[in-house]
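Each of the next two complexes has chain A plus one other chain: chain B in the first, chain C in the second.
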Partner chain A sequence: MNQTLKKRGLRFYASIYFKIIAQDFKSKMSYRADFIISTLGMIMTNISGFIAFYIMFQNFETINGWNYYEMLFLYGFSLIALTPMQCLFDNNWNLRYKVYEGDFIKYCFRPINIFFYFISEVFDVKGLGQLLMGSLTLAYAWNKLSLPFTVGTAVLLVLALITGSLFMIAIMNLAAATCFWIINSGYVMVTMFKFTEYAKYPVTIYQGIFRVLFTFVIPIAFVAYYPSYIFLRSGVPILTCMSPLFGIFFFWVSYKVWMLGASKYAGTGN
Partner chain B sequence: MKKKIWKYLSLLRVGVLEEMQFRLGAAVRLFGNIIYLIIIYFLWKAIFDSSPTEVVNGMTFTDTMIYLVLASALFSTMEMYVTWQMGRSVQSGNIVMDLLRPMGYTTYNLFVFSGNTLVSVFVNLIPTMIIVYLITSGGFALSWNLLFFMAAVFMGTILNFFINFFVGIICFYTESIWGINIMKEVVVMLLSGASIPLAFFPETLQRIVYYLPFQAIYNTPLTLLIDNHLSTTERLSMLGIQLFWLVIVGAVSQVFLRVSMKRITVNGG
Partner chain C sequence: MEPIITLKNVSKEFKVLNRHEGLKGSVKDLFSRDYKIIKAVNDISMEIMPGEICGYLGPNGAGKSTTIKMMTGVLEPTAGEIIVNGRVPYKNRTENAQNIGVVFGQRSQLWWSLPLIESFKLLKDIYQIEDKQYKDMMELYESLVDIKSLYSKPVRQMSLGQRTLSDILAAFLHNPGVVFLDEPTIGLDVSMKSKIRDLIKALNHEKNTTVILTTHDMGDVDALCKRIVIIDKGVMLYDNSIENLKSFFGAYRTMRLRFTKDASELTEEALKKQAEELSANLLQKYPQVKSLSVSVDEDWIDVLLNEDEIPLMKVMHHIQETKRIYDVQLKEISTESVIKKIYDKDIK
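So, the complex of A and B:
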């Protein structure tokens, strides 16, 4: 299996990807009302998030030494870091239905990587609204904090955002993969997704064992806090420097667990 | 008459049994709730530690925590999947079977979903209340307020059902379940005071929110339970407002249902 994967280059997979995605767009366009309402729902979710954030800062000037604009920076950052998971990996939400109903078997019979094929099937356009709101927020906070914008910081920003996204994707990959082992994995996904909403707060608010928990076990601290630390404070913690490597590693682990579950399914299915 | 009551009680029983079936799901949900509460605790602790004063908008850290913990318990207790179910049954065509039952569509759903909630009251709400009471060593009074609280939870549950039911009928037209649901959830979550206590809202927004039905779901029971300074008249008028919304939303959803029944198209079945 690995042998054939290596022979097929990136170009092969890219061309396949766009072919599969095109099918998804065609089917989505036939439910136009659903698409518009879902997009509106997504926008409303973001707006209400902002209102909640605004209400909090009406009452309190700082949270744990972080001021309004710094928190806004983290907020915008986390929204952007969430986008790739939302847009590209949305099919994970359907995984458990496919596994229980037996439709998953179709993915096992294709001569391409199962994970790749499964994930390619859906591109969630609604996530782009989130990207837009996140970018505007980040730009606004960046401006208000009068941070320098150079080629160097731009490259760093892109790197930091990719890091945050990798953690986000990995968390949800693992949550989705639980459906290969347990029934009711819907709750696991919903719960994990709820936690990621709190990725926008600095991890320093947690004390003792819980900081360890949210740094290394459910690593929401790496979605926004550690990658964006480098822009907001001087003196870079070691975890910030290591975060891109951790991100790649964690993503790899989540991929392996997902594939392990899939192979187990292929073994027991009929 | 006796036969009629028995009919409704057996539906309630169906709802109870349905809920008891998913014990693992309940365990996962409990675990998720605990971690969620830990996050809330640290977040608000950090917020209050950063504030120069101990009392913000008339609430201390302990007050806020009692409010939020009970709000979250109440929220998961009353959480109903009415809208999802209605949307899905219209897509699959099963709604035809539901409508053929020798009982009103609303009544049937109301009793089954109330059965779900009843289980949650015993496995979720009451244990949480006991824990909160013990940890805060008397964070809320054990007096008449409990009676008002129970009445308010009862009416809040039915009001919540009707709001969900109303949104469920919208699904008949749109064929979009996720989008409609997420909109409803976001609006209810924010405007009911379930995520941030209403006392923290800016004044104008607070005034608007008090004119809407959503605060009657969670905020009314919680205020009746926690706030010791309310007079009996104030308490009764709060229940009155709840009843008002219950009747209004209930009536509107019934009219909406009747109109919609003439217009919907059902696929398959």
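So, the complex of A and C:
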């Protein structure tokens, strides 16, 4: 009965994760209409967002010293940085329902990490449409700004995108985890998600308290502005250099808070 | 033999805020430190041997779920000691989870969108089940139930019965020492219920798996459990075999009566009214007899009594004098009534 077990390390989790995703993807594909419509919907949402952005720049030459293509760069960058949260961590949106209805308890009975088990359950395909939009926008802006594309900048770009994603995921992890303590956590999630809209703009356009808020409290400035600064301006600020470390740390904190909530959770009776 | 589950003086307390009424009250609650302590489980001790099927019974809110959560390692007891499979469950949740199986009726633990066989394969990976053991288990399953036809079906498309069946199989797949079944037959039709009971019995028999079963369905208890533990308001009321419990009530008889020719034509209200009248009548006639009770069961009116207190024929005679009896049956006390008597604390 008590067989000796292999340690459940990174390889164990990676292998299980890909199996779940592959299966889930297969079953999503069997609902083809749903897939096509939701992907189209996602693209439409992004296009309308882009149109608003375009119209704004018909009226302004620059925003706070950032020209059209630089802004487009930030826009594309933030869309890509949003994608991992959207595709891989989408189950956070369901967390509060599972917690309030007592369904969350099922995640406590498997001999694997609860956060992993919960998050791995859903892979949201429609985020991929956003990835496509973001990539096209970023490539276009990159080209128009005549930025050099070398191995060095490619590695930096990937690193910067991962950093932005980590911040994005961590913000939503924390927002979702509030449901372990408060009843109306839906508002927290929606509000946080709305804030991520502001990630597209350079944080310098916000003044005073908002700047501090968006840098250190709800750090959306780290989703796109600070990581992409290195490509657009010379004289890299210290916050840009530190952003990957901050990203990892912030993600770790969000994970710990999430897990603390989960361990507090006792489920409702039947 | 060593017990597989040991509970020693286990208690669980919850701190609950004393809520105040109205808007002013809610503001007050925000800053209130006015907690009251609720004892969900109060000083429970028991030992369960390997291979037992133990029915864990109690009315809603009795503390069953809390006890199960403590045994599965989700909750930490406030006081006392729990050992499951030689481990303290809440100290190492993952290690404990490796050696138990859990089924919650109506809450599937399988991957909603995946075909059943893929869920099984994932569980094989998660529990690190060896190929041979997995193959043997699947063969056993196929010999017990018609599961092959469900392999390619996603769980979301299954009926409740098929889902429960699949969940039970999934819980036994890694051959755990203990399986906790929380109301496994809830909401199922009669034939599915018996199918599920047969399956649990067979798996328990084949693998000598210890099963802790909570249920409100006495059919489950009669079919599966030799031993039952009853708790109410967190306190243990009974822990012994069913036989013992029944012999305790050995002199109890149920007299089933019909006062109309065609009872199926009677509405439920009318039947209840008849029962109430009869109850009032008997109470007036035999105020000193404590065991007497009247209830409605389908289209029968049941009169339960203890023959040590009053002869059944005497009561029947009395009833016949006031009312015409069309049909009568005599039965021993059912498990259902025994449990109800304990819940109602009629007998200690």
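In this text, the second predicted complex is superposed on the first by the 250 of 270 C-alpha atoms of A that agree within 3 Å, B and C clash if a C-alpha of one lies under 4 Å from a C-alpha of the other, contacts with A are read in each partner's own complex, and residues count from 1 in each chain.
Basically, a contact is a pair of C-beta atoms (placed from the backbone, for glycine too) under 8 Å apart; a residue touches a chain by one contact, two chains touch by 3 or more.
Keep in mind the model is a prediction, meaning the values are calculated, not measured.
Once chain A of one complex is fitted onto chain A of the other, the partner contacts of A:Glu121 are limited to chain C, with no touch recorded for chain B.
Once chain A of one complex is fitted onto chain A of the other, the partner contacts of A:Ile20 are limited to chain C, with no touch recorded for chain B. Of the two partner chains, chain B is the only one touched by A:Met44; chain C is not. When the two structures are aligned on the shared chain, A:Ser146 is found in touch with neither chain B nor chain C.
Contacts of A:Ser234 after superposition on the shared chain: neither chain B nor chain C is touched.
In the superposition on chain A, A:Cys108 makes contact with chain C only, while chain B stays out of contact range. Comparing chain B with chain C, more residues of chain A are touched by B. By the touch criterion stated above, A:Gln58 is placed in contact with chain B alone, chain C being left untouched. Judged by the document's definition of touching, no chain A residue lies at the interface with chain B and also at the interface with chain C. Chain A makes touch with chain B in their complex at residues 31, 33-34, 37-42, 44-45, 48, 51-52, 55-56, 58-65, 182-184, 187-188, 190-191, 194-195, 198, 201, 205-207, 210, 218. Chain A makes touch with chain C in their complex at residues 1-3, 5-6, 8, 15-16, 19-20, 23-24, 27-28, 102-103, 105-106, 108-112, 121, 266-267, 269-270. In the complex of the two chains, the chain B residues touching chain A come out as 22, 24-25, 28-29, 31-32, 35-36, 38-39, 42-43, 45-47, 49-51, 56-57, 174-176, 178-183, 186-187, 189-190, 195-196, 200-202, 205. Against chain A, the residues of chain C that register as touching in their complex are 60-61, 65-66, 69, 72-75, 85, 93-95, 97-100, 102, 104, 107, 109, 111-115, 118, 121-122, 125-128, 130, 154, 175-177, 182-183.
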